[in-house]
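Look for chain A in each of the two complexes below; its partner is chain B in the first and chain C in the second.
Coming up: the complex of A and B.
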């Protein structure tokens, strides 16, 4: 699900259900962080029940998220390539973190 | 993305060094330069300055190298190895104050994004903060 709520073309947000069997653990966290770093945009994520947004480019913080299976991951981004960034990250989570480009 | 910071893993145990390197390769991928060493030349536990120097040179990148170590001697021998590098390389190597496995995975993740040596260090050391 990709919802573009951009009053001034500013913030793009999306949300996606975490289908990974063990939730947001080390390996998915590394993949998400690496993908996030490919974009210039500021990208934040949170598990839907959490109050705090964390930097999606910080691997330590993403790992510490420890989101459980089936939780909803919310993603928001701002910046030039924000739309592509949110779409790519939503896709990564929705497709269960496939191995690409090895 | 052109150059990425290289990662070196130094453990007292060759098995730990290799296992940590395997985790980095599997979790982060193969784009980051990575070298490891562990054990003394006789096959026992320990660390060896010349093996560490070789590892640093093998993982060399113009952006520098981040070294992840386990216990005491691994750190002091790594620092000694840095001192013995070619002068122009010395300032581009950092021995990180971070847990070896977690530090290596996080440092490599950060390095893969093209970050500077200081950024890579900061990410690895985030785990040791507070």
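Coming up: the complex of A and C.
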């Protein structure tokens, strides 16, 4: 699910349900941060309406989300490649963190 | 002396982390780093920690490299932490405020380890041992330790409080052995490594007496017996033999040459994402490869792959398969798989956009390179090539024409090349509804996308998960239609989507007339078992 929340397209956001059997644990977190780091954009995520947004490029913070299976992960990004970043991260979570090089 | 009392004193019960049996010398391993260091000025302390982090990173990377596969993935968490500024910055801030490097490192790591240890979720709790591993490795370097692997005799039963993944990998397990942990968890990374290597492992043994010479470790019964009597050894060997027999029976299901249903042979093939997937222990029992995805080639080294890189990957898979058929799918980028420099940016509906074969036909510069590599690999006559997201017969014709040209050019250059059998993925409803119009050698039903397009549900939208059921009668009708046409026209039809590996869907697929299923290697045994368990048809499609 992708939407552009500002008409000038500066902040891109998306949300996706975490389907991974054991939630956001080490391997999914590593894959997510690795993918996030491939983009220039500033990317934040949060889980299930938590108040705090955290840096999607920090594996320690992503693990600290303690996101459980079926929680909704919200992603927002700003910067040149923000749209591609959100699309790629939504896809990664939605497809259950496949072992595909991107 | 009371014999029973003695046995009870030296037999300990824990929790199974990896099934198996080990009888060997008993070795205690102490993982806590010792030693003191001279504390320097804040700037020196910062440099000391940076150097220690760098050195730890290198050690972990080289362990990961040597071990490969799952072990490398497990160590990636530690590598990622070493590259996480949000994680490291507070430590450096504390150091610059006057804290010694080792104390700053230790207090941050200990706080995190305590956090993880207090998690109600066992998976998260088990991550504390990864952090402990990293904490101790960096600390040993900071304190001038050698970080050398402990000397462990062959086949030893290694006992530790908790063993970190990197230390597990430093031990040579090639001659067997076992792992007995006083704490630890069955969901720890070390447990995954032990299972992958078939090393028996028991965790949560509590406390164990020191000074024993030999040990019996029973990963199934989750027991550790120290300095066993001959009676204990006899009993242990009886259990070991019983375990070996039951395991052989389970493997036998996979080893049986073919699954069958209603007297007809069912071919079970595997889906692979990359060449390394063939290392899965069960892959060898497949009847062939039903889907080799090639998108992994697009992400490597941040550029589009050259012909030689692709050829080597295809050739490796074909060699592995020997006489068995291998179906390679051309690049299926776009949609939910964007690739920089290849896919279109800014599409409003990427799933309905320029993806799969549509994209390849618009980018002959990229597509031709892949077709050249495939044409060269086709000299293994077991190769079949399929195109994804085909909507009209004209697209298949255009792709075939490109392919024929590529083969002609290669042969003119004196390079051995052949045109392989060409088939299509059936995932666009328009193709499934008019399947008889496509002049293909085979059809492979991509049930994930077919269900997405038939039910008009974006498959990445979690709130539609219930609606996008592959067992929806409309989806089954299209599957059944394709299978019937295949039977009539003598064209093979397989399913390579997720539903093929889901035991719940198998009766429906067989009833629809499918006789070829392609699944992930890890699903192979359960699918074969599910088919064996079906004594008669499910009848859902009839």
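Please note the rule applied: the second predicted complex is superposed on the first by the 100 of 102 C-alpha atoms of A that agree within 3 Å, B and C clash if a C-alpha of one lies under 4 Å from a C-alpha of the other, contacts with A are read in each partner's own complex, and residues count from 1 in each chain.
The rule is short, and it goes like this: a residue touches a chain if its C-beta (ideal position, glycine included) is under 8 Å from a C-beta of that chain, and two chains touch if they have at least 3 such contacts.
From a predicted model like this one, the values you see are computed outputs, not experimental measurements.
In the superposition on chain A, A:44 makes contact with neither chain B nor chain C. Put chain B and chain C next to each other and count what each touches on chain A; the higher total goes to C.
Within the superposed three-chain model, A:59 lies in touch with chain B and with chain C [touch as defined at top].
When the two structures are aligned on the shared chain, A:27 is found in touch with chain B and with chain C. After overlaying the two complexes on the shared chain, residue contacts for A:13 are found with neither chain B nor chain C. Overlap of the chain B and chain C contact sets on chain A: residues 26-27, 30, 33-34, 57-60, 101-102.
Chain contact summary for the complex, chain C toward chain A: residues 73-74, 76-77, 80-81, 84-87, 112, 119, 121, 123-124, 127, 130, 189, 273-274, 277, 293, 295-300, 336-340, 345-346, 350, 458-463, 465.
The residues of chain A lying in touch with chain B in their complex are 26-27, 30, 33-34, 37-38, 57-60, 101-102. Remark: chain A residues 1, 16-19, 22-23, 25-27, 29-30, 33-34, 55, 57-61, 63, 66, 68, 70, 72, 83-84, 87-88, 90-91, 94-95, 98-102 touch chain C in the complex.
Residues of chain B touching chain A in their complex: 26-30, 105-106, 109-110, 112-114, 123, 126-127.
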